[in-house]
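Common to both upcoming complexes is subunit A, partnered first by subunit B, then by subunit C.
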Partner chain A sequence: MTAVIETRNLSKWYGNVLGLSDVSLGIEPGITGLLGPNGAGKSTFMKLLTGQLKPNIGSVSIFGRRIWNDFGTFAKIGFCPESDAFYEEISGLEFLTGLLSFHGFSKAEVRARAAKALDIVGLTGDKDRKIRGYSRGMRQRVKFAQAIAHDPEIIILDEPLSGLDPLGKRKLIHLIKDYRDQGRTVLVSSHVLPEIEAMTSHIILIHQGKILAQGDIHYIRDLIEAHPHVISIKCGDPRGLAAKFVNEPYVLKILFGSSGDSLVVETHKRDAFFGRLNQVVLESALRVEEITSPDDNLQAVFDYLVGK
Partner chain B sequence: MLKTIREVFAFFFFLGKRSRKMKVFFLLSLLPVALAVLVRIAFAGRSSEVMSVFQEILMVYFLQFLIIILTLFYGTSVCSEEIEGKTLPYLTTRPLTKGGIIIGKFAAYTALSALMVFVSLAASYLIMSFEKLGEAATYGALLRYAGVLLLGLMAYTALFTFLGTFLKKSILVGLAFGFGWETAIQYFPGSTQRFSIVHYLKSLLPYYSEGKFSILMFRLEPTSPAVAVIVLLLITAGFLGLACLFFSLKEYMFED
Partner chain C sequence: MATIREKGYSHWDGALVERKLPWWPITRTGIQLAFRRKHFKFFFSVSFLPAVVFLVGIYISERIEDFKFMIQGSENLIKINPAFFKTYFTNDFLLFMMVMLLVFSGAGLIADDLKHNALQLYFSRPIDKKDYFLGKAAVIFFFILALTLVPGLVLFVMKLVFSGNFKLLTSYPWLLPAIIGYSALLTVFFAFYTLLLSALSKNRRYVTILIFAIYIFSDVVYGITFGIFRSPYVALFSLKANFQQAGAVIFGQRLPYAYPGYLSFLVLFGICAVSAAVLHRRIRGVEVIK
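Moving on to the complex of A and B:
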């Protein structure tokens, strides 16, 4: 697949403060999660991608065109900013119709698109209320609506789930996945790792203005050889299972659970371990109740990469 | 560019009408109307004195207070309200030219200011010229005053828009300029007063030597009306052009 967003040696400083350093990457259609703690450079990266900031060094290209002051390209981008900022004195419908009119649609199309976007985010019933009176969740939803209303090919969402209740988060995640299924490019930032994990396994890890890793979470995890994979297995005979693995060279440590029905294996070759585990289970007819990998999530990857 | 200006104008004119700022300024702009009613009552039967009071209201309230206050708040807010309110990304991530955003907002806010000023000017003037409502000259004079105030609104709004694009505390600088420099320089002799906007506005008004506030015209060495109009239009175009340039080149950061 071809990258629709490309950055080359992208760097940004705020005076003496480093915002982003030497970022070269490509983002393809689908959902890409941009992960990092607060102040890592996520918003700076997104502002550079959306042409709000000019790079000090390097370039950003969207569909092969440099984005800075290239107003035509903005029609293909939907941006949901992080800040809880609105034109408070107008209604959700007026907010959307006003912003849609900037795209040159006819009045009828503006109204239709605004109504559709409000329907998608579940705000049809509140469309005539002033934004000032919206709850935090409604404000997040109307902010998302303005990002999708003009049907952009690229959707860039800066902390879109912030302030939403669990049900609202679930709905929005579902919506974002719908856009992925339509073949669009969605870049979502968050510092809450399970949120990103619920949307995608393709991530960009950013810390102190630098990209630590990019790719599939499992692939990234495999790259980190210094830290073993931890695999927990709940089964009827943990001691017997442990005996089958104790001499394997890729097994670093075996621990038994306190309840006596599980073991925790540390390995630096996950694929080899699971290949052998399949064999053992089939040969010995072992009853395995549960296999989990407690550290194979974004938090673990992130912690490993930043050296926690 | 024209399409951008039109769309931005429509949105911000609508937004401006809804704002609390508009309501406050509209009330402020109606003060001369109330004053006109009081003057009519107090100076009943003395129409020449009534007109003299109107000139003073025009000079002091409209020219040296109302249009400066309106343009200061609206002009500086063209850019700064988007930055302080963090709403700028809603505009700059749309297919809008940056110059179009500035000119569209400038036009919307100038139109709103003009609407308030014209309503107030027309009402107060017509109340005070009640006996002469049948004369064409009455309306000719009204149009002239309205034209002068419109030129003033455009020139000041352009200047303050420009200040708002690159100064954080543009309103303070604007206050110092509008109520400091513009007032003080009128008392300077010679051509120094030509370094003010108000000089060119006054040059377009009839010369009055009577009335308590005639001192405001005392040292006026008027520029010819044609030159004054050209200078005011150049000031408007120049500062608006600079505002567009700064807005296009500058990156705006939000304070967390």
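Moving on to the complex of A and C:
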């Protein structure tokens, strides 16, 4: 697949403060999660991608065209900012029609698109209510609606799930996945790692203005040699199982769970461990109830990479 | 292994309208919002009171015999000439009402966008900073021109209609350009003045106070400094005095203050230039550095 968004040596600073440093990457269609702590440079990165900021060094290309001052390309991007960006005195429908007017659609098309976008986010019944009276979740949804109303090929979402109730989150995640399935490119930032995990395993991890990692979360986890894999096994005879692994050179540590029915193994060769585990289970007819990898997730990767 | 996703959507194939006025949606929203403010319609209507009074004056001037009993000894007041128009454009009430309209319609123009971080919504769409400023300024243009150029032209035309001749036009051929020129001066100045103050704070209330206070305070400063120094030049501190001086120059009337009229133009354009520079710095892609 070719990258839809490409950055080359992208750098941005504000006076003495570094916003982003030498970022070169490509983002392909599908959902990509943008992760990083506060002040990492996520918003700067998104604003550079949406053409709101001019890079000090480097460039951003969308479909092969440089984004800065290219208004034709702006129309291909839908941006949902993190903060509330509303005139409180207008209705959701007026908010959308006002923003859609910038794109050059006819009046009828503007109205139709606004109505459709509000329908997609489930705000049809509240479209004529003033935004002042919207709940936090409704505000998030109307913000999302303005990002998709002009049918963009690239959707950039800055913390889109914050403020939504669990049901609202589920609906929005479903909607974002729909856009992915249509072949669009979605870039989502979030502080809440399970939210990103629920949408995608493809991430960009940004910290102190630099890209720490990009790619599939499990693949990235495998690349982190400094931290051994942690594998938890719940079974009927954890001590008997531990005895079979004590002499294996790739096993670094074995711990027993306090309830007495599990053990936690640390290994730097996960594939070798699982190969041997299969063998042991088959040979000894051991009843294994559960195998989990507590650190094979986004939180662990995030923590390892940012050095927590 | 990466998943290959096929493009499963198709784009709308209608023709996009090439927008000659990309800033118009901003202006339209600004005007709509102003009319939704409490009491705005009342203030807007009251602002036309001077125009109505001056229109009645024009009517009386053409029916002088009928109204002789009313205007004994005041005939000179309703002579329709450039002085009449200058009096309309520079009267204290009209200038005050303009400031009131700026408070209602202009205070939140940029302040609200800064408060809600709405600039990112604008600048991620096909408009640039120039369009943004124009859109916001056009809201001020709309209201100030509604109180200056529109009534000025109506008064001018009604004089021609009531008199049934073109004497006003032939006697004062520069009067029409003067009406347009002075209206443009007020409009451009008030646009810069309001946008500057609106860009200085995220709080609409502070901006409201600033718009009102600076206009009034500049006149107070003039009064105080004149009391101390007795110099006519201190009138340059007063926005109102500068408008009146510039108005007298444009309408070819005797200057109300004893200093060269061009100085008032310099003051007004100087404020516009400073405003433009400040606005250029304030309105940009904003990044919050914590």
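We adopt the following convention: the second predicted complex is superposed on the first by the 308 of 308 C-alpha atoms of A that agree within 3 Å, B and C clash if a C-alpha of one lies under 4 Å from a C-alpha of the other, contacts with A are read in each partner's own complex, and residues count from 1 in each chain.
Simple rule for what comes next: a residue touches a chain if its C-beta (ideal position, glycine included) is under 8 Å from a C-beta of that chain, and two chains touch if they have at least 3 such contacts.
Just so you know, these numbers come straight off a predicted model, no measurement behind them.
In the model built by aligning both structures on subunit A, subunit B clashes with subunit C. When the shared chain is aligned, no partner comes close enough to touch A:G257: not subunit B, not subunit C. Once chain A of one complex is fitted onto chain A of the other, the partner contacts of A:Q52 extend to both subunit B and subunit C. When both complexes are overlaid on chain A, the residue A:P194 reaches neither subunit B nor subunit C. When the two structures are aligned on the shared chain, A:P29 is found in touch with subunit C, with no touch to subunit B.
By the document's definition of touching, neither partner reaches A:G236: not subunit B, not subunit C. Within the superposed three-chain arrangement, the count of touched residues of subunit A is higher for C, of the candidates subunit B and subunit C. Of the two partner chains placed around the shared chain by superposition, subunit C is the only one that A:D181 touches, whereas subunit B remains out of contact. Touch criterion not met for A:G275: it reaches neither subunit B nor subunit C.
Of the two partner chains, neither subunit B nor subunit C is touched by A:P294. Superposed model on chain A: among 7-15, 79-87 or 205-213, the stretch of subunit C in collision with subunit B is 79-87, the rest showing no clash. Common to the subunit B and subunit C contact sets on subunit A are residues 14, 50-54, 69, 71-72, 74-75, 77, 79, 81, 83, 85-87, 89-90, 94, 98-99, 101-104, 146.
Within the complex formed with subunit C, the residues of subunit A that make contact are 1, 14, 17, 19, 28-30, 38-39, 43-44, 47, 50-54, 69, 71-72, 74-75, 77, 79, 81, 83-87, 89-90, 94, 98-99, 101-106, 109, 146, 151, 180-184. Residues of subunit B that touch subunit A in their complex: 3-4, 7-8, 10-11, 14-15, 18-20, 85-98, 248, 251-254. Within the complex formed with subunit A, the residues of subunit C that make contact are 2-9, 11-12, 14, 16-19, 22, 24-25, 28-29, 32-33, 36, 112, 116-118, 120-128, 285, 287-290.
Residues of subunit A that touch subunit B in their complex: 14, 50-54, 69, 71-75, 77, 79, 81, 83, 85-87, 89-90, 94, 98-99, 101-104, 146.
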